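Should a chain be cited, it is by its letter among A, B and C, assigned in written order, with residues numbered from 1 in that chain.
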Amino acid sequence: MLGIPVVLFRDAGGTAHALLDRCPHRNVPLSAGRVCGDEIECAYHGWRFAGDGRCTAIPGLPAPGPERARRALALPAVEQQGLVWTWPSTEAAVGAPLSFPSVGERGFTTVLRILEADANMFSILENTLDVPHTAFLHRGLFRGGGTTSRFEAVLRVLPHGVEAEYLGEKAPSGLLGRLLAHGDGTLRHVDRFLLPCVAQVEYGLGPYRVFISTAHTPVSDTHTRVYAVVTFKLPLPGWLARPFITPIANRVWAQDARVLRLQSSTTRTFGGEQYVHTPLDVMGGAILRMLKEVERGESPTTQPEQRVSFEL
Amino acid sequence: MLGIPVVLFRDAGGTAHALLDRCPHRNVPLSAGRVCGDEIECAYHGWRFAGDGRCTAIPGLPAPGPERARRALALPAVEQQGLVWTWPSTEAAVGAPLSFPSVGERGFTTVLRILEADANMFSILENTLDVPHTAFLHRGLFRGGGTTSRFEAVLRVLPHGVEAEYLGEKAPSGLLGRLLAHGDGTLRHVDRFLLPCVAQVEYGLGPYRVFISTAHTPVSDTHTRVYAVVTFKLPLPGWLARPFITPIANRVWAQDARVLRLQSSTTRTFGGEQYVHTPLDVMGGAILRMLKEVERGESPTTQPEQRVSFEL
Amino acid sequence: MLGIPVVLFRDAGGTAHALLDRCPHRNVPLSAGRVCGDEIECAYHGWRFAGDGRCTAIPGLPAPGPERARRALALPAVEQQGLVWTWPSTEAAVGAPLSFPSVGERGFTTVLRILEADANMFSILENTLDVPHTAFLHRGLFRGGGTTSRFEAVLRVLPHGVEAEYLGEKAPSGLLGRLLAHGDGTLRHVDRFLLPCVAQVEYGLGPYRVFISTAHTPVSDTHTRVYAVVTFKLPLPGWLARPFITPIANRVWAQDARVLRLQSSTTRTFGGEQYVHTPLDVMGGAILRMLKEVERGESPTTQPEQRVSFEL
């Protein structure tokens, strides 16, 4: 996380723990060792650490005696809906992690994918919540299947995020769009950013729903790990929908990953981003402002609702 | 150029254009996109740019409206003798590029080679215009075929460069030298550096001529692209001379490229060049001084003619 | 050495010389050239240098004339017991290098191994002279073969180093230990660090001896070359002992090299070492203090004898 190595392990009871991945003794990464019962053991001298970071054994030392300096740094770790969440903070009380909608509900299918991107977290969040590129970069796959639709976005700043609700949008005309919604009808479509690292896309048409939630680990300034949780209820059952959706989703991701990698390497060459915004970049601008406010320790500024027209 | 990515493209009429290789919108390199008619199109959101940098289309935006901030940065581009020249400057009036001698003239053959070198531009310019190493590093191929010749160089500072004329030089005794000039006779030989990035070597013997011009793109401090234009009129016709000259020229270049790469990596290890000059390094010293003067924004200092003796 | 390239060559008489690996003329590494009689010749222009750094030939220059600026920088070089020692200093009088014990003595066999480690010199010195990790990381190979032994270390600061003598240690219970000493008996065991770069381990049991001396070249902050000289007299003859010892020693080294590489990359990630010491880290702490004192130009501080208990 943020350039800091973290080791995750489960104790004998299955509870997940997170420690700084550095033995306090000689700085060998604990992840190179092994798990012994409730503890993780360093590969070099065999020091052992409990999930809370306490050093429980030092081979060869006749009388160890408890010493604070010998602790490994423990980070909070919470497991929920199949993901282990951790925070770059030693305060235990960081609150519960976000719960993804409709996971495990009757009629819904959930798919988890872990993706790696050579880009910083912001550029991936913006990409995920950016509507215009879908009609161009993913033409025919998602939007951009021939017909053009004119619709509006309403941008709302939330207490811990920002969302855009799209009004009057037709069902997307690309392959994925038609899978969600054959026939006519107006789409319910909300895009959301939730501090500090989650993007959510929600589509609805009649009784059908698709929720795409992505939680991001900013591994470094140029690399991000993306945990994508996709939960859907579609006209066809999940086991039948998956083999259609998977290759298309892979293709969409490959297109995004390429562009993000090029964007990242170009901004590095030039020593930083230098972006021009248009009204279409409705979410990107709001996310960037909010991330910078939080980074400075400020509360996100509230904003009046904003409306933008699209023609895609 | 100089660490700054540039994209080149031709419009529908075939005219070459150069733009900074960074879309002003989200900084994806324009070279990852494609050419559409007279314009280049970004791969991410499909923004289009004309050869002068104007943004001509933004998909999805109902009413674009011309905005200066949306321009891509255009660089001057001029095509001549099969090369496109560009400058790291937004001033349109940078003058016409250098014209290479005798290209397209009756009886002359021209060969273009593009070479990559892991070295900075100065060290390649010096290598190209350095006589002593040819008798040692390229022994037997160019000079140094057994006999030693004593001759003089006259160094003259030009308004935008510097040249060395070699007086009393015998035809080089190596393979390439003998191809140019079997039999005796005194060679006409001028080496020239022309600001900011061109080296020229000119040999003449009776009616025969060889012009080697190299234009350099300083890609970065440690990498240079070399455009070598070789124009010659020899005792044997061009189609017959080429298969003899090509493998020898390749070998000469491979020897130079290896030494330049080693020189570059050693100067990097030591944190910079630390050179000792002798009177034989007649061109190198003059080029280095001139490049530094121009870099500081000064005009090149004029110098009286200088004479140096060689024994090679 | 310490990031500075050095070229070593032998003159016609076989004497070894060390020069800074950079031609003073155009900074090409002299190691890319060749040896001609008593001299080393640069690959670029053929300049030649004697073992003391004097420039003895410049091809093409009619009247060279001796010039100090044309000298290559010579470093002291002394050959002894099959190793060439050099110092990052131009003072000729650096003293004789260390002599390894019992090399060439009747009944002793000597093996030389050159090892490369992705780690700094200190962490390798500490690893070599650290007893506790042998029972854990090398369990079964060296120590840690099942039984536990309680013994004491006496730490003594020497005029140019530091040593730990182990008292009451049983013969190590691992494979290598049993090869040295089947049956019972108390081991003579001394570990020693000698400034600036040597570690020595000495085992004795009755008439048998094993001396392991390692001299270290700190190639850079993250890479060290280790010259290991192992001299032994064992119950079985050298030609018979070697095929048993070699694969075990290789395995021990592979285990250490892995841990050292991980340690080095973790300390780099975190921007430096952050170690916790226990009484067991008796040698490491003393070596680190001594290296830092010498680095600051101070004489090593003398210390009273220190005693530490081990249980391995």
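Definition applied: a contact is a pair of C-beta atoms (placed from the backbone, for glycine too) under 8 Å apart; a residue touches a chain by one contact, two chains touch by 3 or more.
As the structure is a computational prediction, the values presented were derived from the model and not from experiment.
Undergrad: Any idea what the CA-fit rotation angle from chain A to chain B is, to the nearest 5 degrees?
TA: When the C-alpha atoms are superposed, chain A turns by 120 degrees onto chain B.
Undergrad: Same or different for chain A and chain C, where same means more than half of the interface numbers show up on both copies?
TA: Mostly different residues form this interface, as fewer than half of the numbers used are common to both chains.
Undergrad: Cα centroid separation between chain A and chain C, in whole Å?
TA: Those two chain centres are 49 Å apart.
Undergrad: Spell out, as numbers or ranges, the residues of chain A touching 2 or more other chains.
TA: Touching at least two other chains: none.
Undergrad: Quick check: in the complex, which residue numbers of chain A touch chain B?
TA: Touching chain B: residues 123, 126, 131-133, 135-137, 150, 258-259, 262-263, 266-267, 269-270, 273-276, 278-280, 309-312 of chain A.
Undergrad: Which residues of chain C touch chain B in the complex?
TA: Those in contact with chain B are residues 3-5, 21-22, 24-29, 32, 43-46, 58-62, 69-70.
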